[in-house]
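Chain naming follows the written order as A, B, C and D, and within any one chain the residues start at number 1.
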Amino acid sequence: MEYRRLGSAGVKVSALSLGSWVTYGSQVDIDAAAAMLKAAYDQGVNFFDNAESYAGGKSEEIMGAALKKLGLRRSSYLVSTKFYWGLHEGPNEKNTLNRKYLMQAIDGSLKRFGLEYVDLVFCHRPDPNTPMEEVVWAMNDMVASGKALYWGTSEWSAEEIRQAWEIADRRNLRKPQMEQPQYNLLFRDRVEKEYQRLYGDIGLGLTTWSPLASGILSGKYAKGIPAGSRLSLPGYEWLKDRFPQDVLTSTAALDPIARDLGATASQLAIAWCVKNPHVSTVITGASRLEQLDENLKALDLVPKLTQPVLDAIDQALAPALAIMRNHV
Amino acid sequence: MEYRRLGSAGVKVSALSLGSWVTYGSQVDIDAAAAMLKAAYDQGVNFFDNAESYAGGKSEEIMGAALKKLGLRRSSYLVSTKFYWGLHEGPNEKNTLNRKYLMQAIDGSLKRFGLEYVDLVFCHRPDPNTPMEEVVWAMNDMVASGKALYWGTSEWSAEEIRQAWEIADRRNLRKPQMEQPQYNLLFRDRVEKEYQRLYGDIGLGLTTWSPLASGILSGKYAKGIPAGSRLSLPGYEWLKDRFPQDVLTSTAALDPIARDLGATASQLAIAWCVKNPHVSTVITGASRLEQLDENLKALDLVPKLTQPVLDAIDQALAPALAIMRNHV
Amino acid sequence: MEYRRLGSAGVKVSALSLGSWVTYGSQVDIDAAAAMLKAAYDQGVNFFDNAESYAGGKSEEIMGAALKKLGLRRSSYLVSTKFYWGLHEGPNEKNTLNRKYLMQAIDGSLKRFGLEYVDLVFCHRPDPNTPMEEVVWAMNDMVASGKALYWGTSEWSAEEIRQAWEIADRRNLRKPQMEQPQYNLLFRDRVEKEYQRLYGDIGLGLTTWSPLASGILSGKYAKGIPAGSRLSLPGYEWLKDRFPQDVLTSTAALDPIARDLGATASQLAIAWCVKNPHVSTVITGASRLEQLDENLKALDLVPKLTQPVLDAIDQALAPALAIMRNHV
Amino acid sequence: MEYRRLGSAGVKVSALSLGSWVTYGSQVDIDAAAAMLKAAYDQGVNFFDNAESYAGGKSEEIMGAALKKLGLRRSSYLVSTKFYWGLHEGPNEKNTLNRKYLMQAIDGSLKRFGLEYVDLVFCHRPDPNTPMEEVVWAMNDMVASGKALYWGTSEWSAEEIRQAWEIADRRNLRKPQMEQPQYNLLFRDRVEKEYQRLYGDIGLGLTTWSPLASGILSGKYAKGIPAGSRLSLPGYEWLKDRFPQDVLTSTAALDPIARDLGATASQLAIAWCVKNPHVSTVITGASRLEQLDENLKALDLVPKLTQPVLDAIDQALAPALAIMRNHV
């Protein structure tokens, strides 16, 4: 496994890590989660991503129970959580980063995990209705109290990250260290353009999500939406709406490129994310052990992503990228 | 229920909230308090105002017992307390904001409430005999220790609030976020004039008290002081002295305006406070459930307060306002 | 009882307070200490001065046990301690203000007292061998942790106090608030001249000790050293050396002035200290209840200290003062 | 015993102190460690040096058990630990000063020691892969939480120490106070040249290690490497490689100088380190009580190190020093 610093931070994360979104609490139980964590851990994965809102808190409970069952050395792995969406409907309990919400959120999360601290804590989204200074103080207080080791953001604009960092710097508070953006072959601009100055200026680390663009890049939707697949499920209409049919179709072009390199389209898509040196870790999901193994093998593909290969990928996806950039 | 940010803070309070002044500990017991809290909560009220000095500490005890009985989710409501008047006669225990008093006061308050923290803590009055820096440090320490989430002031001058904020800003301490002023149709100048710059400059929120001017604005004293009413009680002479008879009489003019809108004078007076966008929440008192319901219905009246209605109110109360401004 | 602010601080101390130097742990036991504390408290004394080094720690133990026995309301009185001399002989345990010493000292003191916090904590002497920044950090940490409410100094030079204050101010740490100097008719210059700028600039409060100059000003040594008196005791040679015989003799001149005012020389000496508005409290010692009562009656004398009386005192002591100023 | 301030700090360390490197956990057991500590303590040694990595954590366990057995007054001695090398192989657990590692390291160390705090905590080496600000925050947090009293560095460059100090100074964090460098007759340049400005500018204290250059300066390798000596052991090839044979041979020249002063070459080498006023304490190792006694007697030699003696030493070792300076 390759390990990378979390931006400029001294802590290192495995280039591929394991997320629990749409996984724990809904599809798999504790034993299965433990088996998955163990398999990933044994192959060198040291970061397990989570969030308060995943499966309404159950994802944290199951990961915590699985970690306890495995008895892994606490200093050998990192666990994250994220706050913003909330677990309740109250005016101060959802879609917010106000101090009241955040202070009870970290306590609730640690209780569900059964941990004394999380390694990484993220503001899951920006909150335009809470002053940045209030957010920075609350996140600083989580680190100062030892409940978290590093704090960061997820899906924040460069300006928002910059503002939070500057407030922390000016007031001698703990600074945000990492951002968790969506990043894949079809969503590149934020990571590659918008954040460009932040890597050098503030040492921003990235823990990217959705390397397969919700599975699109595996190519399984290239010829239509198979029954039982995620895009066919009720409740996922929003996901389907994000990808016009032409985009789905165009993903078929990745297949021959991947096959030439002895890999699958999914592995190619994951490896392409890892190739970016500004990415600290690519968070992948897996509901089956075979899927995990396939994902992790993407690391072997990274050195094969030569300039000609990258050019071929860009050419194949150019129309889809153009569509996505014009698509809300 | 409408929810409003507490000034610039990310936390939101219901536009109408429930105070316990002269209520808990003296007139109603725990069951009645619980019934009132429940009824308010069920209608969306999320802020319950209190203070150390209300009923000599009993108001906090009864509210705490009622909250415990109801078993409401702690993250779904806000509780406040306020310190200044003190519970004892000693030279450091009353009419002060010295560090010794404040540090023991918050511990005593949390113990009476049976809570781990209060959401809002107020300096109940300014203390010219304690340096502002000592006050700001003590209030900051309450927030830093997790015993309170936000701190503010009550009945402070704009200059005093500004000074506290500036000290906190310069020293990287937690800043005051809200002020609890008297505000009603007869006392307008502080909220509407004196604090004007603070709303934009420091994001001051307001939790206003006395929307009915101690009941005057209900009109019940317009034709004299009824036996058994608050102004007739021994111990309330000071209150009676504050309202010259001409003022009491003039409140009768509100009645026809309210009736035209299908409301009572009390509802009109409350709605008028809510109409001010700088007001985060209007704290109302109620000793009976019917009174609570009547108060909360004032919210429906707010959209009906058009400019002509507001002008009619101002015209009706102009003489009374002039008297009040010249009256100590 | 008159109460005065501790310099600019919001906390108030009785103009006369009770010290335990050479008293507790050596001459009186817990019951007697409790009786004395109770008598003083009942007459309005709210500050009980102590130090780690008094009677090798026993003075704190006895005062703590007496306070516990009396069951006084914690918020109604102030207790102090002081650190520098230490209880042990080690190179880091005596005559020092290093962080290691101070951090264990406060814990040891609180344990002996049986208190959760002391109100005032003093650096008992300056320590030229510890950097001022190390001292300020340690004292700040005592306040930040809640183990003490205010910190100050004892027998520091104006420059040293100023330096400590400036470091705290620049680094946003808790500032020193009070100084405990010797102050009496024979030792005036530090309080009246050296500290002059500090009263206004930093709001320095004074808790003065030795109002009777080790008993000299009572006049009991004016005609020689009585057997059994402090100056006659072995181990007090240093004290005797501080007062040349001419000084002892000159104290007889206070007696007629005091008698004219219906008071004793001791009361005159104490009242003279209280007269100084920069003095927050005059710490007096008493081993018998009658002595306590006599001391406290000195307060009645203060208004009688008119300018002619003060001039008469100065004239009577002028030769003694000149001797003391030239005497090491 | 002579005691010296730890640089500008107020805390004092014995000029000679006792280290546990290669000693505890491997060669001696708890009883022997206790006997050694007691003998050193009885002769005035007040600083016992340790590190997380010594004997894989066992050195801390044995020292803690020995201290507990002896029941020494906690305020009378200082214990240190150091973090960098780590106890486990993970990417965040060795050769690092990242926050995650450091925060669990101090907790682990205190648990092994059975102590509430260590007096001195060192960054055992610089970590170019963790930003200095992250290191300074973590070390500051150890002091702020009371888990350590002073923090410093070991084998850092002057620039690195300066950078850490400046960050702490600018951000009002606790500053590094001491460095633990190798220092002996054969390794002088860092202490005597590189750090020169730091002594005055930031008050850097030194706790030097290896006064005998891994035993070389005792002269026991002057005529070859005896069987059973450290340089003959498997696993110490790296040590042997550091000292060319000509250097080993040249150490014989110290013997006559030492003998003239009635001392051994080892005592001469130790005394020479103590002679440097910038050295706060010279850490010596001892596996036998006789060796400890011999080392401590080196203190008597210090006054005899006149300029002619120092010149003679320099002349005798000049060739060896030249070799060492050119030797990696």
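In this text, a residue touches a chain if its C-beta (ideal position, glycine included) is under 8 Å from a C-beta of that chain, and two chains touch if they have at least 3 such contacts.
Bear in mind that the values here come from a model prediction, so they are computed numbers and not experimental data.
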item: Third chains touching both subunit C and subunit B; value: none
item: Interface sides of subunit A and subunit D: same vs different residues, half threshold; value: different
item: Chain centre separation in whole Å, for subunit C relative to subunit A (CA means); value: 63
item: Chain centre separation (subunit C, subunit D; CA means) in Å; value: 45
item: Subunit A: positions in contact with at least two other chains; value: 172
item: Each pair of chains that touches, named by its two labels; value: A-B, A-D, B-C, C-D
item: Contacting residues of subunit C [partner subunit B, same complex]; value: 3, 5, 8-12, 14, 46, 73-76, 78, 119, 144, 146, 149-150, 172, 174, 203
item: Touching residues on subunit A, where the partner in the complex is subunit B; value: 88, 90-93, 96-101, 103-104, 127, 129-131, 134-135, 137, 141, 171-173
